[in-house]
Each structure stands twice: as C-alpha cells, then as structure tokens.
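Worksheet: the structure to be examined is printed underneath.
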Amino acid sequence: MKLTPRVAKILSWYESDNPGTKANLARILNAGRLGGTGRMVILPVDQGFEHGPARSFAPNPAAYDPHYHFELAIEAGLNAYAAPLGSLEAGAATFAGCIPTILKVNSSNSLATTKDQAVTGSVSDALRLGCSAIGFTIYPGSEYAFDLMEELRDMAEDAKAAGLAVVVWSYPRGPNLDKVAETALDIAAYAAHMAALLGAHIIKVKPPTEAISLDAAKKTYASHPVEVGDAAKRIAHIVQACFNGRRLVVFSGGESRGADSLLDDVRAIHAGGGNGSIVGRNAFQRSKPDALKLLSDIIDVYLSEV
Amino acid sequence: MKLTPRVAKILSWYESDNPGTKANLARILNAGRLGGTGRMVILPVDQGFEHGPARSFAPNPAAYDPHYHFELAIEAGLNAYAAPLGSLEAGAATFAGCIPTILKVNSSNSLATTKDQAVTGSVSDALRLGCSAIGFTIYPGSEYAFDLMEELRDMAEDAKAAGLAVVVWSYPRGPNLDKVAETALDIAAYAAHMAALLGAHIIKVKPPTEAISLDAAKKTYASHPVEVGDAAKRIAHIVQACFNGRRLVVFSGGESRGADSLLDDVRAIHAGGGNGSIVGRNAFQRSKPDALKLLSDIIDVYLSEV
Amino acid sequence: MKLTPRVAKILSWYESDNPGTKANLARILNAGRLGGTGRMVILPVDQGFEHGPARSFAPNPAAYDPHYHFELAIEAGLNAYAAPLGSLEAGAATFAGCIPTILKVNSSNSLATTKDQAVTGSVSDALRLGCSAIGFTIYPGSEYAFDLMEELRDMAEDAKAAGLAVVVWSYPRGPNLDKVAETALDIAAYAAHMAALLGAHIIKVKPPTEAISLDAAKKTYASHPVEVGDAAKRIAHIVQACFNGRRLVVFSGGESRGADSLLDDVRAIHAGGGNGSIVGRNAFQRSKPDALKLLSDIIDVYLSEV
Amino acid sequence: MKLTPRVAKILSWYESDNPGTKANLARILNAGRLGGTGRMVILPVDQGFEHGPARSFAPNPAAYDPHYHFELAIEAGLNAYAAPLGSLEAGAATFAGCIPTILKVNSSNSLATTKDQAVTGSVSDALRLGCSAIGFTIYPGSEYAFDLMEELRDMAEDAKAAGLAVVVWSYPRGPNLDKVAETALDIAAYAAHMAALLGAHIIKVKPPTEAISLDAAKKTYASHPVEVGDAAKRIAHIVQACFNGRRLVVFSGGESRGADSLLDDVRAIHAGGGNGSIVGRNAFQRSKPDALKLLSDIIDVYLSEV
Amino acid sequence: MKLTPRVAKILSWYESDNPGTKANLARILNAGRLGGTGRMVILPVDQGFEHGPARSFAPNPAAYDPHYHFELAIEAGLNAYAAPLGSLEAGAATFAGCIPTILKVNSSNSLATTKDQAVTGSVSDALRLGCSAIGFTIYPGSEYAFDLMEELRDMAEDAKAAGLAVVVWSYPRGPNLDKVAETALDIAAYAAHMAALLGAHIIKVKPPTEAISLDAAKKTYASHPVEVGDAAKRIAHIVQACFNGRRLVVFSGGESRGADSLLDDVRAIHAGGGNGSIVGRNAFQRSKPDALKLLSDIIDVYLSEV
C-alpha cells in the first residue's frame, strides 16, 4: 500500500512522532471509504457511560450488543471505532484487524457529582486490545481541568512512546461557563487550541455557534472579526486554532436529530476545511439501514469537491 | 474435564482475556451443583465489615469462625466463596482447592463518615491465597465514584494480567440518589452497564424495583417501555444492560428474610436470564441445616427448566 | 527449642503466613515468663508521642532514656517491647536479641488538629532494627479511617512478605462517636473484628464497657444478649469477634491507676480468654521496683488456672 | 568554537552542574546575534495557552502556524525559543539544530478556576524534542505555590541529571497579593530570589515597579533604600537578589505596546545589569518585518556599551 | 585522625546507624574550633527563603553572594553550614571539603498562605553536592504536621540508607498554638521529643521560655516542677526530652539583636548541657569582622568549663 499525497502530507505535520504513531495515524486515515482523502468519519460509542444504557440503546436495541457497533462501523466504511474498555474487550478479538479502534480511556456519567472524568482504561489496555489510539476527554474551564490535563499528559507520553495516536475530546464546561459559552466560537477555538498544545494528534470539538463568550476575547474578535454567521467560516477559525491546520480536527454530531440538519453541519465542516465527523447517537440510535444510509451520505459530502 | 457447551459459550464472550483468566472463570462456572450450567450461587461474607460482627453473626454464632463459611459453601455445593483478606487468610490453606474463592479487595463499614470504601486487599494477596477472582465495590453516584472507578481500573488491569477474574459489586448511592433511586430499574441497569464498561467479568447488582428514577431517563422508558411490573422482565433489562448478556450478572439476596420471598426473587432471576444469586446473610444467619436447605432450594430453581 | 502445644496450635491459626512471620509470632509467644502459654504481656512506649515527654516520663525520670524501657521489659520477663522509630534506633543494637521488638510505625500527638496519624516508620526500618513486628493504629469512625486502613493494608502486605508480624491498635473515634461509644462493647467488638478482617496477627483494643452504642446494633444485642455486667463475658465477646479466637487479642491498661483496679481488668481478660495485656503508663510511670512488682503480679494472673 | 571569556565566566557560576547542563547553557548563551555577550533575547510563545489563540494570534494570523515562531526567532537572531509541548512537536524536526529551544512544561489558561498551572510536558519530552532547557512557572503567594515548587523541584532534578538547563518563570500572585504587589520591587526581588534558591539556571521575572508592598519588608527598605525611581537601580536590585548576579535573570516584555516604551525597559535592564529580555506578544503580534525591526533594536541596546 | 572520647561517646548513642552516617556525624562534630568537644556552632542561611532577600541581606549586602556564607562559616571555624539547594549549588564545588554542609530540603516563605513547607531539595541533591546531612523543618501543631512528618520519614529513611545525617528543625505552630505556646517550655520539649522519636540525629529548637502552655501538661509540671526561671534548667529539660541527652540538640539564635543578649542564651545552653547554637541572622547580618567576633565569643563560651 502506498500513501496518498494527502495522507503523506498530513503525516509530515506530525514531525516529532515515531514511526509507530505515524503508522497508526495512517491506519486511521487509510481506513474505510474516506481512506486516503485526509477526511474521516469516526463512530464513538461512550454514551452508555455518559447517559446510561437505555437512553443510548433503547431506540435501537441491537446496539446493546458491543459487536453491533464494530459491525456498523465496518459496514459503513468508517475510519475508526472509539469505545470504553469493556466494549472493546467484548469485540476486539472477533474484529481484530477489521477497523482501527480508539480506546476511550476516561469517562464521566450522568450520576456523577462533579465535572470530572474517571480514568477507565490504560495505554497497556489499548496495546493488548490492538487499538490505534487512545481517546481522552478534557473539560477546559472545569475545577478539574488541570488534573485532567495532567492525566492526559501522562498517558499521552506513554501512548506516543508505544506508537499509539492520541485523540483529545476538548469540551469546555465549568463554573464560569454557561451553556452558551460551552459552544461559543471563541471558547471552542480556545479548547481546540489547548488540545493541540497538549500534544493531541486528532482533536474533537463540538461545532461552534456564533457566540463570542469570553469578555477578554471580545475586543480581539471586534478588531479581527470572523464571519460568525457563516458556519464554514466558523469551522475555518477552529482549523486555524489547530495550528493553522497542522493538527487534524473532527466535529461531533451532537444529539440525535434529522439527517438534513446533520448533513448541513457536515457540509460546513467540509467547506471550512475540518477533517471530518465523529457521529455517535445519530448513527447507532437509528436502525442499521437508516444509519448506513446517513453515514453514506456524510461520507459522500466529504468525497465531494469543496 | 471437558467444558460444557454452555460454559464454552460463556468463555467465548470474554474474547480479550488471557487463558489464566478464562481458566479462573471456568473454575467458578464449573464448581458445585450448578457446575457447567452457566448459573452460579456465590456465598459472600463481608457483612462483618459492613455491619459489624454481632449484627452479622450473633444469630448463628458458629459463623464467627471463618472456617464455618468455607464449610457452608462447600457443603452447599456453591460456585464460589467471597470474603475480605482476614477471613480468607484464616482458611485459605485448610480449604485450598476445595472451592473457588474471591478476595473482596475493598470494604466499607457502619462507622464510616463517607460513601467510600477502603482498599483492604491486593491482587498479590489474591494470588498468594489461591483466589480465582478479586471482588470490588463501586458506588456510582457517590462523591467518591470516580476514585473508586480508578482504583478498580488499576486493580483490574493487574488482576487480568495475573490471570484472575474481576467481580464488580455495583451499588448506586450518593447525594443525588434517594433510597428509591438506589434500586430503581433505570439506575440498576445503568450501574450494571458501567460495571461492564469498566471491564468486569462478573457483575453483582441488587434486584431492581419498578421505579424509574433519573429524570433524564423517564422519556426514554416512556417511549421504549419495559414491563416493570414483571420481575423477570426487570431482570432481563439488567441482562440487556450487561452487553446484551455477554457479561455474567448475579443478584444479591438482600437482608435476612423468609425463604419464600427469596425464592420468588430467584425464580425471577432465572426466568429473566440472570446468571445467578449471591446470598450472604440469608445463608449464614440461618442455622447450618436451614441454610443448606435454602441454598439447595435456590440451586434447584436454577437447575429447573425456564 | 520446641514449641509448646499451645503455641503450635496458635501458629496453626495463621495458616496463610510464611515461615518468617510464623517464626516472629513464635518469638513473641515464646519470650519472657509467659513464653509458651499463649498469653502475652507487652510494654508499649509511644506515650511520648501521644502525650509529650513530661506527661509521660516526669513521674519516673529514668524513663526519659530509651534504654530504660528495654531494660524494664527484659527484667520483667515480658513478651515484647513496642515503640516508635527513634526509641528503637536508640537501643536496638545494645539489646539486640534480648527481647522481641515491635516498631510502632504510625503515631499521633496532642498538638494534632485531626483524628489521624502520621506514618513515622517503615517495614524496612523494622527489618534493619531487628523487629519481630510492626504496630499500626487505626481509628475506625474517624474521617481518616479509610486512609489509615489503606496505609495499614499497604504496610501489612510488605511486612508479611518480609516475614514480620502485624499488630493493629484499633481505637474507635470520630465525629459520630462520643466518649461512651469509643469503648462501648459493640463498638469495641466491631473495631477488633475490622482489625482481624484487615489481616492483623495481633489485635489491641481497650477493655470494653457495658455500653451498647450503635443504634443499628441494639436490636441484635437485645435478641442475642451478652452478659454485659460481667467483665469476663465482655472480653469473651471481643475474643469471639476476633474470628472466634483464631486471632490473638490483647487489651490495653489505660491511664495510670491503682494496681488493684488494673489487676481486676487482667483477671477479666484472663477469665474471658483474652491473650494478654499491653501495659504502658502503668508500668513505666512507676518506679522500677514498683513496675516490676506490678508486671509480675499481672503475669502471675495469666499463669494461674482460669 | 571557543567560549568567550564572558560566557566562560557565567558557566563558572554554575559550578555544581554537569557538563551536559553547562553545554546547554552555553548553547543558549552562544546563539544568535547576542551570542557570547552574556546577554539574551528569548522568544516565548505560550500565550495561546494563557490567553487563547485569537487573542494571541489574530493580530498577525501567520502566527497561528507553529513554524512561524521558529522562523521569527531564527531570523531575528535570538538566543532561544520557548513554547509548550504541541508547538515544539509541530516544528522540532524541521528546525532541529537551528535554534536552542525551551520546553515550557507547565501552563495555565484564561478558563482556569484556580491560580495554579497544569504540568503539560516532561523532561523526557524535552529530550526527545532536542530542547536545551525546560521552562517552569511558579506563582509565589498562590495557594498552590508549594505544590508548584515541589513539581519544579522534581522536574529540575531530572532535568539537571539529563543535562538540561532549568528556566523558572517566577510570577507572584495569590490571595494576599493585589495587582500592585504582583510587580512591586520587594516582591519581584523575593520571587527572583526564590527561583534562585530552587535551583533555577535562568530566572524570568517582570520588570519591577517602584512599589514596596510587603509590610514586613518596608522597614528594611527604609533603612537600606533602593533608588526606586531609577529603573536601572530596580533591575540592579533584582540582579542582587539573584545571588548577586551568579544566576542569569531575564525580564519579560509584558503586553503589546509601543516600541519606545519597550526599548526604555530594555535600556534599564541593560544598564542595571540584567541578562536580557524575553519578548513574546510584542514580537509575534507585530508583522514579521516590524517584529524583526523591534527585536533588532532590542539586541542593539544589549550590544551597546553600558 | 582519632576521635576524641567525647565524640566517640556521642557516636555510640547512634547505635542503629550505618558507618556512613556515623562518619558524617563525626565530620560535623570534628569540624572547626569546637571539633572534638561535642559542641557545635552551625551557620544556617535559609532566611532568604523565609523572609526574602532584602530583609535578610540588605543590612550586609556582601551576604547576597552565596560564597560569602561559605567563607564566613569557614573563617569562623564553625561546624557546618546549612542552606537550601540553590545556595549550595552556587558554592559546593568551590568549597568542597572545606566545611561540612547541610542541605535544607524544605522551606517556607513569607508569601505562603498555609503553615506548611515545600520540599525543595532531595537526598540525591545532598549526595551530589557532597553534603553531610539533610535538614528538614516540621511544624508540630500545624494542620500540615502529619504531612511534614511523613515527608521527613520518607527522606530520612533514604538519607540514612545513603549514609547521611538528619537534622530536624522542630518549630511548633498551628491553629491551637498562640505566640506564647510556640516557645513555651512544655511545647518546646514536646517538639524536641517528637523530632527524636522521628529519628533525627540532630535536633534544632528555639530556646524555651518560662511558659507552660498545654492545659493537659500543667498538672504534670505542677507535680514535677522544672525551675523555669533558670534558663539553664529550661535547656536541661529540653536535653532530657531528647532521649535524656542521647540525641544532639542545638538552639537557634533568633532575630538579630545585641551580642550580650545572645551570649546570655549561649551560656544557658552551655550550662544546661545543650549541644550548641545555630546562628543565622545574628551572624550574616553583621559585618564580617563583627560576625567573626561574635561567633568567636560564642565558641569561647562552649570551650569554657561549665
């Protein structure tokens, strides 16, 4: 197999990484229907942890079985499947070599009393399960943000030494951030930038809204305006915050909703130069045929000319 | 000895585990009168820690002696005996090889000021005492839930590497959970699911009630209803939350009470596809003949046709 | 030297321990005038830490010198001498091989602001000083109880691996325990039982009073009464809580007081099946001749027929 | 290459360091237009972490690309470039050997809820990225000051053993320090002195103001006055606090502002015997030609006769 | 070189220490004009950390240079020089072998918000810098006292294993101790005793006042009175608390003041059997000739007949 020029270019941005990590990034970038394009669609299934099993899987009970998600991701031709320890343990051997996997190594839950996460997997776990990457969530703005960053630093160092890639979910929340702030453009760009500074290979954020939230940032955005009304321009600003495009950034799909609304987002990501989508509930809460249709439509957008 | 098809099937679900762990799971599944059926009855004796010695053993003073519990579990033909460090140290050599043992590695007590547990045993202890598994309690919903999960993760990784199985007691409690919530169906399913995601091989929860407690979950259960009035359907929902049955789940017996009430529970567990019972006070607080009779009746339920 | 049948029997209860730990238990049980009887009198001198030097030693200034306590314990024919790091460092070479020593590895003090203890010695210290055991205090009921238990677990694992014995001082105290509760019969039995569950070889508690303190326990003691008015029966209940006698339990002497009152306690311990006394201030705050007389009287009680 | 007498003299002050650390100090002192003079100008780019990407880079969007800063520092003939992990990872290979780099191993951010920093890089990271030094921020006066100092101690020991230099950003802040106090002369001297005591090779502080803030220090400054109205005398006092000049001390440029104001500061640093400037926003927020001009002017000051 | 009988006797008290530690104690006891007498005068310079550079060194600006203190201690014929990491790093090579050094491994400062200390040096640092001992401060009575004691325990174990001596600064302070209590006779004796119990080789306390502060201790001091009006008797009581003289104890000089007042203290220390003085500000805040005169006078007292 030969790398496409686009993938070769992307790998060149990760100039400090060892060949093991580059190979795992290449595995993710070369998998599925988007293989070689530099775009990705990833299936993440940690909602059982975050929201509980019934809220996650009752709409499509087949999804209670961890094998279902491996199959969905493979059949849809996705780039990778991300899940917590138990889920990967339950399918990693059956589907070994069929699709790159990302071990989500920390998780929160709806019963939690703090805006923190528990570390629930390790780099060793990722290695024994044949994963290509670890996935880690940070909450910039939380009282636990520094602890989360330090845990990430620690695990990322080990992951990189072991030739794994590091995917960072960067979700702003905390006592000084209201609901608007959590997805405001300036905050989202900041969150993405911090993930890049922390050494992430792939960054996951939510699509930003038009809001500018941090008082200290308003003057800057006033003198150096972003066309916040244009979703693609907002995406482009996030890409800029990811080392001007030197780090891969993907956007989450959010709550279950109509395919049209979701595809609008995807078109903006595509137009703005984002590297893809990470679509969970919108995929596995639909019936398998519907999910395959939607994922195919998303992939088609990323395959289209910008 | 040859594995029964049922046990072979169950072991196939633990596809990421090493042969050592599979062998220990097989030892538990093959022990006692239920050996080979995929059902289990386990004797847990950590109530001395949780409630104190007199509240636990005064009703049947022979039970003050740790040897008594080994003998009871062996004579009753159970699958395993679970206890804290000191109890196993006091009998592990005398009864070496007679019954699989589970070292309960964390414990709380009635004098405690927080909803936490102390780690009181280690994987090394489990190995030197010849145990087949470690047992660990998490309190989802507690202020200490993330700490408990991280301790579990740490010990589970070591246990799996050493060829031991991991049994997780998942007991919801915490500042946002009232008494009803602690055993509500949605919360119990969530607790069981988190244990599965955390990599448990065997999950222990309390039998769920009809309540649906978490506001965020009520809509889901309204659109995708479980027949909450049918105890077997509630059990089946818990089984579903345990990776659609890919993880073994057993149910506790609760406080001492009449045999009929307990056997009703057991019939529901059996009918709902649960993997068995873990019966402490209802066993060791009865006289030995009464306990053997009750345990025999429970086993008979699990040996009956569903 | 041959073990007496009694000591051989006691060692058989510690069935999971390695020969090193058994040998050290034997050293303690075979030392002094009570050697071979299964009864013990131990001299503990950590009151300098707990109460300060003057309150401890001014009544008998010779006791300011650490050598004094070694000499007292040896001359009195005791089973062991227990003290903190500095005290043992100051005499361990001079008195090497003369009497088994117990390194008290944690300590509190009267200036402390919390119901906790500082770890002030290690298993390595115990080994280099030629000790037979480590001694560790837990405060069941304290906000620090879980931390103390986890420290104990950690050190006890190392101590057992190194062939040392583990002595646990179990002293209930904490925000929910008043003065009556701290020595109430049910709480004392619970404290002793937890020490046994934590893997202690020798348990030290205060002699219990007639009180039953924990609300949740009152029903049990009402249905299964202990003759609380009989001090020997109270001791027997504590022995029961120590794995029905499978773990050695000794009782502290408490504050300095008249010899008669102390000997009454000792007779009750003897009659109730306790394994001995651990007498500090009542020994070293008397002049040496008086102390030797009192210790001799105590030993005589334990040498008498029950 | 031969060391200049000035650099040889400076290295002689670091008499306890191994040849690896001395070589890395020499690399920094010998780089760029100021090479060999004992003066330094360093480019630090951690403002993306501290203030967010747009506030840092929107005024000069080329600066969103990590390569830009390497190029700027090299073209300007600076002594070193300091940045967090992700930024160095993105350019360390391309610019290997072109300019000494300093890995900033801890960082705060504008969303943080406490006056603390997260450790975001390691000594191992610095080594694999070919850095000459680690950079660490302490906040004397903060509730986290002791934690920060202990983290620094730990990392500095490893850095020195690995032959790296240690640069300490010492920024007073905390509940007892108001805005005036944070840059008051006495506090700045104290902050610089603590960095020296903690074993820093190079100390970074803000240029001090005329204020004397700590009550306990006012009497001293009254009896032993510093000519606080003279900026060069204030610098000289800081130099004095850095072991009377035995430790290198550089001063930050502060917020973006006019070149004249900044150059006034530089002249005072030069006249007062400071070892140079560390100029971030004033450099990278200007267009490249403007930045090169300003940096050249700064260097010219340091090349002039005092 | 042959040990004097006095030093040989003192070393015999440290009977559990290895030859490395005994050699380092001997180096300190044999250095300077008091060499061989069993008395010591030590120069400690950690006031830059505790009070800031100007408050410490402005009265004698030569003292800003770390070399000054080495020279002062050597010229004065002292037994040892104690300082934090940075200060020793700056002179350890120049003055290698000229005077025993003590690395002060923890420090507080006047900007701190808690009654704690930061660990700022390590046993490895002490070894690479050729020190004879580590110095550690504990604050008995502080909310951090247990943490400090546990840090000390940890470092002292390593230090002793590496053949270093351990010097403990024991300074009572905390929420229940007012200014009077901090130097009260009973509290000072208690603080010294705890340092001894923690395994200190050399103990440093402040000279005690006449006050008896702890309520629980007043009865003891009433029945077993110390002649508190006689400073030498107060010193003798502290010596008694240091294992009846089996542990070396030195007394600090306190704030800068007249030579007569300081020499009065020294005479009391000498008469009371204390092992010497540790004089910082009173030495380095005087001009060098004045300091040498004062230190010579102090040494003369210790050389005089008692």
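For reference, chains read A, B, C, D and E in written order, and residue numbers begin at 1 within each chain.
As a working rule, a contact is a pair of C-beta atoms (placed from the backbone, for glycine too) under 8 Å apart; a residue touches a chain by one contact, two chains touch by 3 or more.
What you see is a predicted model; the values in this text were computed from it and never measured.
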Chains touching chain B and chain D alike, please list them.
A
Between the Cα centroids of chain C and chain D the separation in whole angstrom comes to 58
Distance between chain centroids, defined by C-alpha means - chain B, chain C (Å)
36
Mind pulling the chain D residues that touch 2 or more other chains?
none
If you connect every pair of chains that touch, what shape comes out? Choose line, ring, star, complete or other.
ring
Starting at chain B, then chain C, how do the chains run round the ring?
B, C, E, D, A
If you look only at chain E, which of its residues touch chain D in the complex?
48-49, 51-55, 58-59, 61, 64-66, 84-94, 107, 109-114, 116-122, 124-125, 128-129
The chain D residues in contact with chain E across the complex are 13-17, 140-143, 145-147, 149-150, 153, 157, 172, 174-177, 186-187, 189-190, 193-194, 196-200, 214, 216-217, 220-221, 223-224, 237, 240-241, 243-244, 246-247
